[in-house]
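See the structures that follow.
Each of the next two complexes has chain A plus one other chain: chain B in the first, chain C in the second.
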Partner chain A sequence: MNSTIRDLLTKHGRLPVSVDTIADDADLYEAGLSSFASVQLMLGLEEAFDIEFPETLLNRKSFSSINAIAASVSQITETQQVA
Partner chain B sequence: MNVASPITALSLAERAQRAAKVAAEFADTVDREARFPKEGMDAVKAERLMGIQIPVQHGGEGATMSEVAEVCSILGKACAATAMTYAMHQIQIASLSDHAPDSAWHEAFLKRICDEQLLIGSATSEAGIGGNLRNSVCAVDVEGDIVRLEKNATVISYGADADAIMVTSRRHKDSPPSDQVATLFTKDQYTLEHTAEWDTLGMRGTCSDGYIFRGEAPAEQILPKPFAEIAAQSMLAVSHLLWGALWFGIAADAVNRAQSYVRAAARRSPGQTPPGALRLAEASSMLQQVKSNVVAGLKQFEAGKGDPDALSAMGFAVAMNNIKIGTSQTILDIINQCMLICGIQGYKNGTPYSLGRHLRDAHSAQLMISNDRILGNTSTMLLVGKQETSLLR
Partner chain C sequence: MDKQVSFLDQLFDQGILHDSGVDGLYARSDLFEEVITRFEALAKSFGKDETSEAMVFPPGMPIKDFETSGYMKNFPHLAGTVHAFCGNDHDHAGLLQCLEVGEDWSENQKPTDVALTPAACYPLYPILARRGALPAEGAYVALQSYCFRHEPSRDPARMQMFRQREFVRAGSADQAIAFRETWKQRGQDIMKLLELPCTVDVANDPFFGRAGKMMGSSQREQELKFELLVPVNSAANPTACMSFNYHMDNFGKAWDIRQQDGSHAHTACVGFGLERIALALFRHHGMDVESWPAGVRKALWG
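Let's turn to the complex of A and B:
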């Protein structure tokens, strides 16, 4: 999953550095992720994983690192499969 | 210090009313001369209103955001420059008291704000960032225990009269523009080189001149939290709420003047409804909309206080943005309506019904963080966030 997230970050993240240089647990905001780019990234994730982000996960924390994004996506995939 | 100060026995609103009386007396002079509202702000300090929002354990009175907003609206009815200076100061305090936990220096400084009734300014605008306060060009230079910062600040409101200034910058010279920190510098720690005059249509007394800021201070004065979090959880919401409150005050005073005009006309010809009466009823309805907007926002903010997740949620940001858009547009409609009611007496300066200053001051509302930028920001969020549609939530 993390490689898909990295691809989407490259495409939508508008980061000043290469995504390859960012560790899975590194702070994406410190790496230059803007709130606009995080929304574009979210749209990309919704499309790629066929999910919809619930209101409770629409916050800075869900997008703070590649690991955090992966955790959010897994959480959504699980609950949306149950439902 | 004097703990049992007799002033604090009065309610905050009463103290604000007393300060507002002084501010109102000088409002026209402050506007005409585009000078700092010294008399109004001295009165605010004499009423010990500068630190009310600060928690009791740090020397303040622990006032809620609603109480602070009420003070802003009372001052707004009297003198918009005094009210805006006070509101901007309170916005800095909200950032400091919520976002510097366990920082001994900042806690001690909060105490100083209360004891000495200090005025805190801010330098977020910068040449080259295109008006986006979430970007910085300049960066703090930390060397050992010392932080140095130089910033080409296009606007520092009441910069010359502030006792301390909170300055945003990049965290490090290699950081991207959005990775920012805020640092508080006290007056003895910086110099301001004047670069631009504040000669404007309205809000003339805020004296938001441009300066090159140069500061040097102990590094512990950098706020520990990233500015992104401070902006999202406190600064943007508090700005929209307190500005909304004082804009309500400006519009409310305009409606008061229009109502006096209509009543005077009614007294002159009993039995006949004056021509402006219907417009006054419309203005009253619009004023109530502004009030409801601000009050609902204050309620939402206070419900989310202490919960960073609630305050950084997209739905919350959309709601706060909407308050700014709604209030800033509606006050212009209200004051314009009042102008139609008062006619030439409202258009002329120096009458009891004069509305020129109100209208000019109110025009700043759409531009302080441009409504176009805010609408753009909201529209991005609405691509993913759901519009809140419940009535009571």
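Let's turn to the complex of A and C:
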């Protein structure tokens, strides 16, 4: 999953550095992720994983690192499969 | 206090505002305007020692600058753009015919170079950028503009066309943040003089759509926007009469406003909702300004 997230970060993140240099647990906002880019990333994730972010996860924390994004996506995938 | 319609009707009955038939678009009485003018003088007096210049803008701004602002990314639902007839004689005849039979006549209305200003400080940033790098002390501008937001409502405190008076600070991050903190306190001091009950709380702008939920929560988490709230129509949902905003270097980057060292400027603004503050005064102190509390009259009329 993390490699898909990295691809989407490259496409939507508008980061000043290469995504390859960012560790899975590194702070993406410190790496230069803007609020607007994180919205584009969120829409990209929804399309790639066929999910819909609930309002409770539409916050800064959900997109703060590659690991955090993976955790959010897993949580949504599990919930939406149950439902 | 929760009967919005009755407060609006009361304002109409007393001749303080006049209905136009379109919600949120009202004529103002001389008295209403005088209260606003007096408030503006009071607000300006609080920033007189720091203000380096003052400007008043017309209600429209260049469409190019409006595009640069990013407003359509975040608030497409509130924006208003100016269109004008750009047809020939034949098109004109068609337009008149449509008008006569009550059909849509907008076919040949084309976009102009003008957008209605959505926030009073937007026209300032391109002016600052054109001057080149800011001086070391930054910029400290007092300004006022009519603004437009497409949100028709019977709440008199939510007009479609209204004025914002602002102070804007552009410079370093430290200068912008210090400015915002100063005005958070000054805003409360002003309301104390006006004997209006208020609270200051972290807030977010009304960003559009689901993506907007994320923008809003992000703005709150970073504590970029605070509002000073006064109960006007509703005790449960008080009205934002002032806002204190730190934009980081978003506008510095958007318009390429630079500091002396070449880095992008940080900006902050304090906005006073002039109609809202006047409405709060009428709501809390009554429709007869002669009988407003002595302290309030002294603060406004001296």
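To be clear about the criterion, the second predicted complex is superposed on the first by the 83 of 83 C-alpha atoms of A that agree within 3 Å, B and C clash if a C-alpha of one lies under 4 Å from a C-alpha of the other, contacts with A are read in each partner's own complex, and residues count from 1 in each chain.
The definition used in the following text is that contacts are C-beta pairs under 8 Å (C-beta built on N, C-alpha and C of every residue); 3 or more make two chains touch, one makes a residue touch a chain.
A quick note: this is a predicted structure, and the numbers were derived from the prediction, not measured.
Trainee: Determine, for the superposed arrangement built on chain A, whether chain B and chain C clash or fit.
Mentor: clash
Trainee: Have a look and say if chain B or chain C is in touch with more residues of chain A.
Mentor: Looking at chain B versus chain C, the one contacting more residues of chain A is B.
Trainee: Touching A:43 in the superposition: chain B (first), chain C (second), both, neither?
Mentor: In the superposition, A:43 touches chain B and chain C alike.
Trainee: Pick one for A:18: touches chain B only (first), chain C only (second), both, or neither.
Mentor: In the superposed model, A:18 contacts neither chain B nor chain C.
Trainee: Looking at the overlay, what does A:32 touch: chain B (first), chain C (second), both, or neither?
Mentor: Once the two structures are laid over each other on A, A:32 reaches chain B alone.
Trainee: Scan A:55 for contacts with chain B and chain C and give back first, second, both or neither.
Mentor: After superposing on A, A:55 lies in contact with both chain B and chain C.
Trainee: Of the candidate stretches 23-31, 59-67 or 95-103, which in chain C collides with chain B after aligning the structures?
Mentor: For chain C, the listed stretch overlapping chain B after superposition is 23-31.
Trainee: Report, in rising order, the residues of chain A that make contact with chain B in one complex and with chain C in the other.
Mentor: On chain A, the residues that contact chain B in one structure and chain C in the other are 35-36, 39, 42-43, 53, 55, 58-61.
Trainee: For chain B, which residues are in contact with chain A within the complex?
Mentor: My answer: residues 134, 171, 175-179, 226, 228-229, 232, 309, 312-315, 377, 380-381, 383-386.
Trainee: Considering the complex alone, what residue numbers of chain A touch chain B?
Mentor: Those in contact with chain B are residues 15-17, 29-36, 39, 42-43, 46, 53, 55-56, 58-61.
Trainee: Write out the stretch or stretches of chain A touching chain C in their complex.
Mentor: Interface residues on chain A, with respect to chain C: 35-36, 38-39, 42-43, 53, 55, 58-61.
Trainee: In their complex, what parts of chain C are in touch with chain A?
Mentor: Per the stated touch rule, the residues are 70, 73, 210-211, 213-215, 217-219, 221-222.
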